[in-house]
Every structure is written in C-alpha cells, then in structure tokens.
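Please find the structures below.
Okay, so chain A shows up in both of these, paired with chain B first and chain C after.
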Partner chain A sequence: MKRLIALILVVVMAMSFVACGNADKPADNSSNTSSEGTVDVSKHHKIGVATVHSGENWEIAKTYLETVIAPTYNFEFVISETLSDANGLIAFMEQCYAAGCDGFINLVTSNDAISQGAHKADELGMWFVTQNSAWVEDVAELPKNIGHCGADPVAVGTAYKEAFSEYLSDGQPHSVILFEGAAVGGDKGQGAASHFYSAVGVLEAFQEAYGLTYDKPIADLVNQQDPGEVNTGNPDVHIYLYPGRNPNDAVTALLPVLQTGNYDIFAAVFSFAAFTNAISDVETSLGKDIKVIGTAQIEKQTKTGFETQDPTGDTVLNSAILNDLSLACAINCIELKQAFDGHADAMKDNGKTVLIGVRSWAVNGPETYAKMEKLNTSPELYILTAEDLLHYAEAGITWQDLDNLLADLASVDTLLERKGLN
Partner chain B sequence: MNEKKQVNPIKKILESRLFSQIMPVGLLLLLVLVFGIITGGRLVSPASLKIIILQAIVVATVATGGAFIFASGNVSLSLGATTILTATIAALAYNATGSLLVMIIVAILLGVILMTASALLSTALGVRVMYVTIVMMTMFSALQQAILGGSTVALPYDLVQTLTNNGFMYIAFGIFFIVCVILFHFTDIGRSLRFIGTNNTCAEQTGISKAKYLLIAFIIAGVGCGIGALLALVRGGSIGTSTLPSLNMDCMLALVLGGMSIFGGSKSYVYSGVVGAITVVVLNQGLLMAGVDSTIIQAIRGIAFLALVAASQVRPKGLPAPEG
Partner chain C sequence: MKKSSKFKDVLFTLAFPVLTWLAMEILCLLLKDKHVISTMLDIKTIIRNTGIAAVTAFALSFNLKEGRFDLSLGAQRMAGTIIGGLLAMALGLSGLWLLVFAVVFGFAFGILTGLAFISLRVPPMVLGVGMALIWEVVPYVISGGKGLNLFGVEGMGILTESWFQILVVVVMAVLVYILMNFTRLGYETKAVQGSQLIARNSGINIFRHAVECYALAGALVCIAGVLDVSFSTQMGANLGNTSNGVVTANMFAMILGSYIGEKSDSSVGILTAAFTLTIFKYGLSIMEFSDPVNSVINMLVFIGFLVFQANRHVRGLNKARKARVELAKQRKAESAAA
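Entry: the complex of A and B
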C-alpha cells in the first residue's frame, strides 16, 4: 500500500510541476517594433537550445534568453539539460521538434555533432545555428543551417598573446605552465579551436619576447597528445604544456611540476579556479609568486580571483581572458530571427554559412574587472539590449553588420564606454 | 492450532507475478495517456511515437541483452563501455574498408569477445561479476581513449541516412529482441538463468552449471552490445569519448523500471529493458512537450525513478540474501 501511495504522490507531484511549466504562456508582443518600426514580432517561435554549459555563466545567459530576448522577439525557449555528444543532441532535437520548435541553437561544439545536428535540422525543417568557434564546411550549404557564432579563436589567441607580452616585457626570463585543455586537434575541428589558438598565442608571445627556437612548428607542439616540456632552446625559459579536458587530473599531474620552482606563470584555457589552491600551496612552500592568467567569464568566481590575495600578497588571478555567452546567444537569436523573417541568405556568404566571432577581452587587474562585472546585471547593461536586438533584426542587416558590431565591441574601453561604465 | 494465517489481499496482489508483469507496462500506458492529454495528443502523434522509439532503441537493445546477466542475479557494469568501444572499432573498420558487412561483423564479434572475456575472468578467478566488470569498464574506456585521443570517429552522413531510412534499426532490434524472447522464456537458457538468480545453490545442486550459463548470458549480452553499438553509430553518426556517457546506468535503470528484479530470479522478464527504456523517453519527452523546465525535469525524473524502484524492488520473503 505504501508503495502505491508513493507512486500516486509522484504522479501528483509530476502533474503539479507540469502545471507550473505551463504557467508561462508566451506573451503577446505584437506591439514590439524597432525604432524604424520594420520588425514584425507578432509570430510566436519556439526555439530549442542544446547546451553543454552549466554554472553561473550559463544561468546568466539563460536569464538573458528568457527575460530579454524571448519577450523582444516573441520567442519561447526549450532548454536542454547539459549535453555532451551528438547522440544527446540528436535526441534533444527530435524532442524539440515534437514539442513544436521551429528553430534550434546548438551549443554542442564537436564537428561531428554540428554536422549531424545540421543534417537533422534540415530533415526536420528547423532553422539551425551553432554557438562554437569553428566553421564546419561539410554542412555549410545546407538550407536550414544558418551559421556559427562563438568566441573568435584567433582573437582569443591574440588576447593571450597580448596578456603574456605584458608580463614578458620586463627583460627577465619567465617560464610558464599552460593547461591547454582541448587544444589538441583544435585547428582540425577535433578539439576546441579557442584552446588551440590560446596555446598558439602563448607560444608566439614567448617566441617573440625571447627569440626562442622551438624544435617543431608551434601548431605541432600544441597538437602533441602527451604533456611535457617544450624544447625552447633557452635554458632560462621553460614552457610546460599539459593537454587534457579534466582539470582535476591536471591539478594532480601539474602539482609536482609547479613544485620544481622553475615556473612563475600559470595559464589555464579554462577552469583556472581549479588550480588556485594548488598554486597557493606551492607559493607558500617556495615563497615565490606565481602569476595566474586564465580564460574566464564575467561571474563571481572571476571576481573572487581578482579580489582574493594569494600567500605572497598578489591577487590570486592576475589576468583574465573574458568570454561572454550572452553576447553569442544574442547573435544566434538575431540569426534565427532573420531566418524566420525570410532573410536567412543575408546571414550567409554566397549561400554558405559563416563563423561570426565574438572577440574576447583581455582584462589585466581588478580595477578593470570591477567595471566589466557590471555587465549583464540589468536589462540595460546587457551588451545588446532589447533595442539593439530589434535593430539587428531589421531587413537589410547582413552577417557583415553583425561581424562589424562584434569588431566594434572588441576593445574593453569601447565596450565600457558604450555601456556608460568607464 | 490450525488457524489459517490472515493474508492481506492487497499485499497478495502486489507480490503476485501477474502484478509485477503488468505494473511496468501499465505505468508506461498511464504516462502515455497522461502526457497525451496534457500535450493535446501531440505526444501520441505518429511522428512523436517514432521519435520515442528511436530514442529508446539503443538502451533497449543493450538492456535486453543485459537482462540475461541480471536474471542470474549478477550485475554487469561494463555493458556501456563495451558498447562504446565496440562502436568505435566498428566505425574505424567501416572507414578503413567502406564495407557495411565488415562493420556489422566486427561489431557483433567484438561485442561477444569483450563480454566473454568478462565472463571468463569472473569464473576463472572466482571473482564476482560486478567487480570484474568494474575493472573491464575502466579498461575499455581507457582503450577507447587511447584509440581516439580527443577526436571522434564519424560515419558518412549518407550511410547513416540510408540505414535510418531503410529501417535498419528496427530490423536489427526486432530480430535480436525476438531471439532473446525465445531464448529467455522458451528454452533452458532462460529457465536456468532465472533459477540461478532465484537460488544459486539449489540451481547448482540440480546440475545447472553456473559458469556455463553465465558464459551464455554474457555471450548474448555481447551480441546486444554489438547491435547496440551499430544502432548508436546510426543514431549519432559518430563516436567519441563523450558519447553515451551514462549508457550503462541507463540500461540498469531501464531494466529496473521495466519490472526486472535487481536480484534477478523468477521475476525477470526479457522485455523489461524495452519497457523501461521507452518509459524513460516518454517521461522525458512528455515533460519537455508540456513545457517543464529542464532542471525540473531532472528533479521529477530522479524522484519518480526512486519511488518506482522502491515500489517494485522488494526481495521476496524466503529467498536467501545474495552473496557479496
């Protein structure tokens, strides 16, 4: 009997959740128009979003999707659990199709997932955009595949190069351990392109600063599967590369390397926070400051990194290469809106998809970060506001306009100025 | 002195074989009905039903093979890793030869070989199946990592599309399922495995060789892994180290939700994996189509599964506790 009661309670609870889910009916936004009054938002669209993200940064992006973009474009989002592969993506796309979605934003970034997803979208008749950093050629001409938008991998590399050049310009020999994440194969669509170019940026910065003569081309060094020291040709400059997708494994493996005392800079292309405790322990035992540079997002973890002191009195995080998911989501939605309104071709280059790159911002020090962290905290402080979204949904806007917009936003100063935060 | 012991009729119904057979199917039909109404019939449209079946097919296939192992009272934790490693090598075999036949043969043979290795290690070393399969799971995952590194192996989309449109998945699953039903419910193999699961000692005393039937169970499960690998390849078009990360747990969950006792034995049914896999998909898809947030879907699913497992998994009184 108790088991029957338990079953009944579960069904009742599920039904009440379902009722909660149905409470949010799409708003009637037919009165939303751009300043020129040319954007029709009277038609409701349901958009599937397959995400690989979780955590605070993704929650910020979700809030932006649901509270700013949804009412502006009369969209409704069906957001997935955290997915990891093509199988999960395809299954979720089918579920979204059954749920009535006519557009899809894919954040599952492996090339095979994008390729299979684009084909599936074409088969189901859903408009399809991908948030990633690499262009996938084999599906570039599929009619329903609109394009890609994500962190511009070359710009991420440039940001790393700039950040490192600043540290290396003091005339002293410096050495770095680089956790390069999924860099291996990133130039061939197998790993993460942004990780690949981040590592390339670091190696180029060292090469230019010290005139290093690597024993292999930089791309080959980054594509090495095994962790190890790079032959720099300079006994005072050490570079240790650690490829791997699991930060916890990397911490265990890199702790003894840090303990050698040969390295005074640590860089992580993602999850810098996973390493900070280990680095603090090493700083305490060696009595030496280790600078930390990492790819990060505008979120509490980054703020904590910039505001917390390490055992040597320096900040835990010294420089951050910042990415913003919300901005990429906005561009994805603009592309979808253009496609719904019959302008998919304007989002393509001669019928082929294009990669529109969101430029990363190199932030050196807590003062600049204190200004950057105000972004995304209110509707008017999102990088693209409802008004911007309507403007870029107008007829006549092309992918070049979106790319130009992102190029304009590449500078931290310009961005802060635009949002009145400088 | 000869007074008859009072039996609670509801308890009697709950513990009856018929109830354990009907309950999972009834629950599935109830879910279909409830979500069919909530979604205004969209859940039960032909297109939606096709999607549900396609989404359940990989788990259903691997779980159907796994049912033979579970029926004997053993738990295999390497079904998922075996399937993924098999899929990886089968895809590489296709890319090397361009032959669909080679891919199918490699997948089924390799699935059988890998699962047989687990069974032989267990019987030869006298170590419980669960412990051996934990080791095998780790080994197979490491092997796949070594083969692929950070990359993935993909099949040409044309091949995937052709196999999907030609009903390859339905045919492969259908043949395997029918063979499994016959073996499990109409031959000595199924009866012996259920007997071993009910009471290992009694089974051996009546001349049933546990080692022999365990090996047979693993071979059948291996065929399931091989066919599951092919279906996973056709479904996703590619295989990487992050493909189907929870396949093993999904199979176990499907079996339990489908009415299979976690202790194996007489209340084991080969269709449990299919019913359970479809139940999971219907719950997911129904909630999604009803507009429930993905985080809430996870919570509902977790609570529902916990309650269902608690409701259906009580070891019958009088059976000895399983060893280990």
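Entry: the complex of A and C
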C-alpha cells in the first residue's frame, strides 16, 4: 500500500513538471521575406522569458509568442512560471543559459531585478530586454542590455485624463474613488510608473474640469502612503485616493467610503473586476449609479464588464484603459532580433538603452470595445503581424522607428483602421 | 458546573467582540468621526470576512493543535476552489455546486496529503512545502495558467448572499462542534493533543486519525476559498509556494479562538475570535491606515497576545512557589521549635 501511494505521488510530481517548462520544437524555416527585403532567419535562437504575469491576458501573449513570433524569427521560447523577484529571475536566467538560450526577455519589473538581470545577462553573454514602464539608468550602458518596452506611463495618464474628461464635461459635480495600486513612488522607480501617472491623469482631469486648488502638488498627493480624501477646495467635488497592492484588502477598506454616497465614479488602475460585487452592493443599497473606469486588457473579462448590467441598468464597466501585452512582446522580440543580426546599437540611443512606450487606449463604451476585442484573435488580427515583424527586423530600423510605430498606433481609430475593424 | 460559573464563561466569551467593537468605535469616532458599523452593508462585509476567517481557522486547528503545521493548506484551497469552480462552470451549474465540488476536491487533496504524511513520515512542515508545490501546479495546468474568474458568470449570486454565508459558517461551526464533542474523531483528537505516544499505546490509530484531520482541513479550507472568490470574483493559479499566505493570516484567529474556547468550546471560541478580529480589522480600515500600517498593527497585536499566552501562568506559578517556600520555612521553624 505504501509503495503504491509513493508511486502515485511520484507520478503526480512528474506530471506536474509539465507546467514548468515550455520547449517548443524549433521552426525549420531558413528565411522569411518582408515586403521590402529579406531578413535572414536561418539561425535558430532560444529565448528565455521571465514572466510576472498569469491569466488570460498572458496566455494570449504566450500564444502570440509561440504561434506568430517563433515561426517568423525562428525563435524558440523557454517561458518561466510566474516569478516575483530578482532571486527568481536570476535562477531562471541561469537555467536558460544552461538550456542554450542566447536572448532573454525580462518581465520582472522591480529596479533591482532589472539591474541584477542585466548584469547577469552581460556575464552570461545573453542579449537582454525588459518589459516595463521605467528606464533603469545604472545598467543603461551595459553592452548586452538592449532596452525597455512597456506601457508608456505618461500615455496611460493621458488615456485616463481622456476617459475622465468625457464624464466631467457635463457641467455636474462628480466625485471619484481611485484605487491607485502601486502608484506611490512610481515617479522615482519605487512603485509602478504607469499607476503613478494614471493617478496624476485623474487628478489633472478633475483640476481642469472644476478649477480645483489642491493643497499640495499633484505628485505629492499621489505619493502619500495613507489612503484618504484629497483637499480639493470644492465642497461638491470629492477625490479619495487608495494606494495598495492587494485588491481584496482594498475592497474591504473602500466599502465604508463607497457607502458614504459621496462618490459617483470608481477607478481602478488594475483588477477592476475585484471591486464590482462591492460596487453593485452599494448601488443596490443607495439606489445610485456608480461609473467604473479601469485599466484592463483585451480579454474576456473586459468584454464581460462592458456587456453585464449593474443593478441600476448601466454596464458594470463604463470605460477601460486598455493595455496590450502582445504588442510589447513583439517590440521586445524585434529588439532581440535586431541584436542577433548585429544591430544592437540601432536599438540604443548613443550606446544607452531607451524606453519605448506602448500607448494605452481609452475605450469609452461597449461599441468601441466590440471592435477592439477582435484584436489578437487570429494571426492577421494581432497588432503586429508576421509581415510587420519581418519589416521591423530589417537592417536600418532604429528604436525611433519603433517608437514612431507605437505613436502611430496610439489612437483607437488609427489602430482600428489599420486592422480593418472600423 | 455551577450556574454563576457558566454565566462568567459566557461573559468572558462575549467580552472579546464587545470590547473590541467598543475600542474601535471610540477610536473611529475620535480619529475619523465615523462609526465602525453604519449600514447593513458593513454588517454584510463583517459577516463575510468572519465566515472566511472562521472556516480557515477551523481548518488550521485540525492539524495545528496536534503539532502538525500543514503548509500545503493554501495550495489545497487554491486547487480545490479553482478546479471545483472550473468544473461547475464547464457543466453550467450554479454556485452551490461550485461549493460542493470544491469541498470534494479539497477533501481529496487533504486525504492525499495525509496519506503522503503517514507513508513518507517526512516532518509535516517539510512535507507541506513539497505538497504545496505539487498542488499549486494542478490548477495551473488545468486552468492553463488562468485560474478561476467568476466575473459575470451566471448562477454564482447565491454565494455572495449574506444568508447563505451565515448558513455555511453556522453549519460548519455546528459540524466542528459535533465532531469535536460527540464523535470518535473528537475523542481521539483530545487524546492525541494530550500525548500522541500515550494515545497510540492506548489503542488509537494515530495514522488514520492524521489522515482524517488532513482530509477535513482540506475540505474546510476550500469552503473558505469559495466564500472568498465569490466576492472578489477571481483566484489566480499562482506557483512558487505563494498560496499559503491567506491561510497563515488566520493563525491569530485560531490561537485566540483556542484561548477563548477554554471557557466554552473550541468551535465557539474560533468563531468568536474570527468575529473579534474582523471587527478589529474593519475598524482599522475605517481609520484609513495604509495596508502596511494595518499589517504592522495586526502583527503587533498578534505578537502581544502570544507573549501574554506564553507568560499568563507565570504569576500564578511564582505565587505558588512563594507559598511553598513560606510553608517550608514555617515547617522548618515549627520543627526547630519542637
């Protein structure tokens, strides 16, 4: 009996290892042709990917990496389990090096992880790119560190400002509770830059709409550790900021604030869905509609948010600030491909890494989202297709070209036109 | 037991939530000019959080009181809830079935962990770490890394209803009370808590008993998982032994519950402790402290209570020792005089 149990446990343990690695078969293509020239893809490259993500959005990005980018560039990806810190990153990098990886995409976003990872990559001789929203200066000149690409923090703030302006332009006084996530210190490389600028965008939108006179500079208000109401100088306009990384704690803490009935907008820089039951309870209790604006991804949850009705008959999610992991992954891979082909310098600015920002999209209402949701559902509907990938892998492409590309894609209308979805 | 003593015990038990509420009410009024409980929604939130904390503390108590700290409980909670949820959703069933499936899977994971414990004889904490890593992978693979997302899923509303949550918690408390007081399991638990060696020598099958404890803990912790995910709408399939934090966060409720339970019953004690600590945490939320400050305050109170627990008998022991010394001196003086 004991032996049988031990055998069963060994089998379960062995099967569990299936999830720990991802060894796709190398593609057998030797060259691919772009519209303007040929990009040599005969050499096979193995790329380590250290992720902090999980869930549907990450699965979409993984599918894109494995089914579009891998065959196009003759890449093979070794993808980590969900990592959280520098130690996990370094251990995984060493495993990848042992497995023959010559390139690495790092999604562990803390400054110390990026710094240690870049040094380790330099030591191991692996090209290293990071997917994050902040430039890390102390490793900017390391030869093997190519650069950063992630959600453009300032553009996220602009998207929030745009989304809020639509609600605040009706001449009525509005009030907001903002779950600002890791915004504290986001402008100093300590928190999340995108969260910081999201909060700044919201405060600026309110300031411009109502001529508010805050008692502190906006950056200081966002950098306050303790949750609380901002002194707006207008008794009819309330702004409540809640910094915190755990949505479950935030839900409990914000319920009493929501119940005051002072607020008619709720915004969350991540995990908006975690708050929806609490908001529905308050809407039922007070008989009042609360608009929900949240950072989201192009995935089923966002669609559900736009299609589900709250107790007041409005949609559960009213506006979404959309980010796309797949696009950032594509830029990371273009940077690596350029480096493999001997053009790493073109991805840098005078030998220093740069931050290439993916612009967020403000989507107000289900109609626009119904078009956006078609993105990433087939090879031709990824924002960058195989043909685009080959084009941007050509010699002569620089980081400015990639930045210009992302700037062109900043508008929802332009993006939808480009993909034939408008 | 005399009537007056029973009345004192009831007062002792009730004193914890009442005094905590009073203290938080005064602090909230002084610092924020707010009440701890202002509306029915506050009561609903406190009921839900009490339920989650109490059921998790019940689960912890099965093993921890016998000296086994199962570090895989969080992973069992995650695995049972996610797999149960995915199965219920795949079959188009309601939230009630999610709860049933989660309990069944939690029970199964608990049995397997218990069997691993008695077969391999690895120390419980070491085994717990290993089993946690295995159980974490199961929902990760089954959900394709996505975890469980109940946002917008039809038929799950029952799980967030207050009456249902109260019903679940009361049923659990009664079940634990019956198990601990009127069944073989309760008798064996008390014996093993006293001395595992003596219990074994007196004919108790301590191995079967350990598996039963693991199984019940697995089932209970999945109920807590379902209550939690029904409100927050999502549970991630996290790897890297990160799943146990939500379980160990309820250790205070279990230990305080054991203390309160000395005057009543363990199940009543844990329920009271969970209620007390939920009021305490809710009060801190009203006072608008940040998450890190809340954590520090919670941990300081926990450590303070552990210090009290460790030293509460010292005064009595010193008094008894002094009395013995006095008596010895008296006897010596008497014998010298004689």
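The rule is short, and it goes like this: the second predicted complex is superposed on the first by the 396 of 422 C-alpha atoms of A that agree within 3 Å, B and C clash if a C-alpha of one lies under 4 Å from a C-alpha of the other, contacts with A are read in each partner's own complex, and residues count from 1 in each chain.
Here is the rule we use: a residue touches a chain if its C-beta (ideal position, glycine included) is under 8 Å from a C-beta of that chain, and two chains touch if they have at least 3 such contacts.
These figures come from a predicted structure and were not determined experimentally.
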Who does A:Ser42 touch here: chain B (first), chain C (second), both, or neither?
neither
Check whether A:Ala86 is in contact with chain B, with chain C, with both or with neither, and answer first, second, both or neither.
first
Taking the superposition on A as described, I'd like to know which of chain B and chain C A:Thr312 touches: first, second, both or neither.
neither
Touch test for A:Arg245: chain B only (first), chain C only (second), both, or neither?
both
Report for A:Gly191: first if it touches chain B alone, second if chain C alone, otherwise both or neither.
first
Touched partner set for A:Thr67, first chain B, second chain C, both or neither:
neither
Once the structures are superposed on A, label A:Tyr97 by its partner contacts, choosing first (chain B), second (chain C), both or neither.
first
Of the two partner chains, chain B (first) and chain C (second), which one does A:Asp112 touch, if any: first, second, both, or neither?
first
A:Gln225 in the overlay: touching chain B, chain C, both, or neither? Say first, second, both or neither.
both
Pick out the shared contact residues on chain A: the ones touching chain B in one complex and chain C in the other.
6, 9, 13, 15, 17-18, 20, 81, 84, 225, 243, 245
Footprint of chain A on chain B - complex, ascending
10-11, 14, 27, 30, 34, 38, 42-43, 45, 47-48, 51, 54-55, 58, 149-152, 154, 157, 160-161, 232, 235-238, 240, 242-245, 284-285, 287-300, 303-304, 307-308, 310-312
Which part of chain C faces chain A closely enough to touch in the complex?
34, 38-42, 44-45, 49, 112, 115-116, 119-120, 133-134, 137-138, 140-141, 144-147, 149, 151-152, 160, 228, 231-234, 236-240, 242, 281-282, 285-286, 288-294
Okay, in this complex, where on chain A does chain B touch?
1, 3-4, 6-7, 9-11, 13-15, 17-18, 20-22, 24, 78-81, 84-87, 90-91, 94-100, 110-113, 115-116, 119, 138, 182, 184-185, 190-191, 225, 243, 245
Quick check: in the complex, which residue numbers of chain A touch chain C?
2, 5-6, 9, 12-13, 15-20, 54-56, 58-59, 81-84, 88, 225-228, 243-253, 255-256, 259, 271, 273-274, 276-278, 281-282, 285, 300-301, 304-305, 307-308, 316
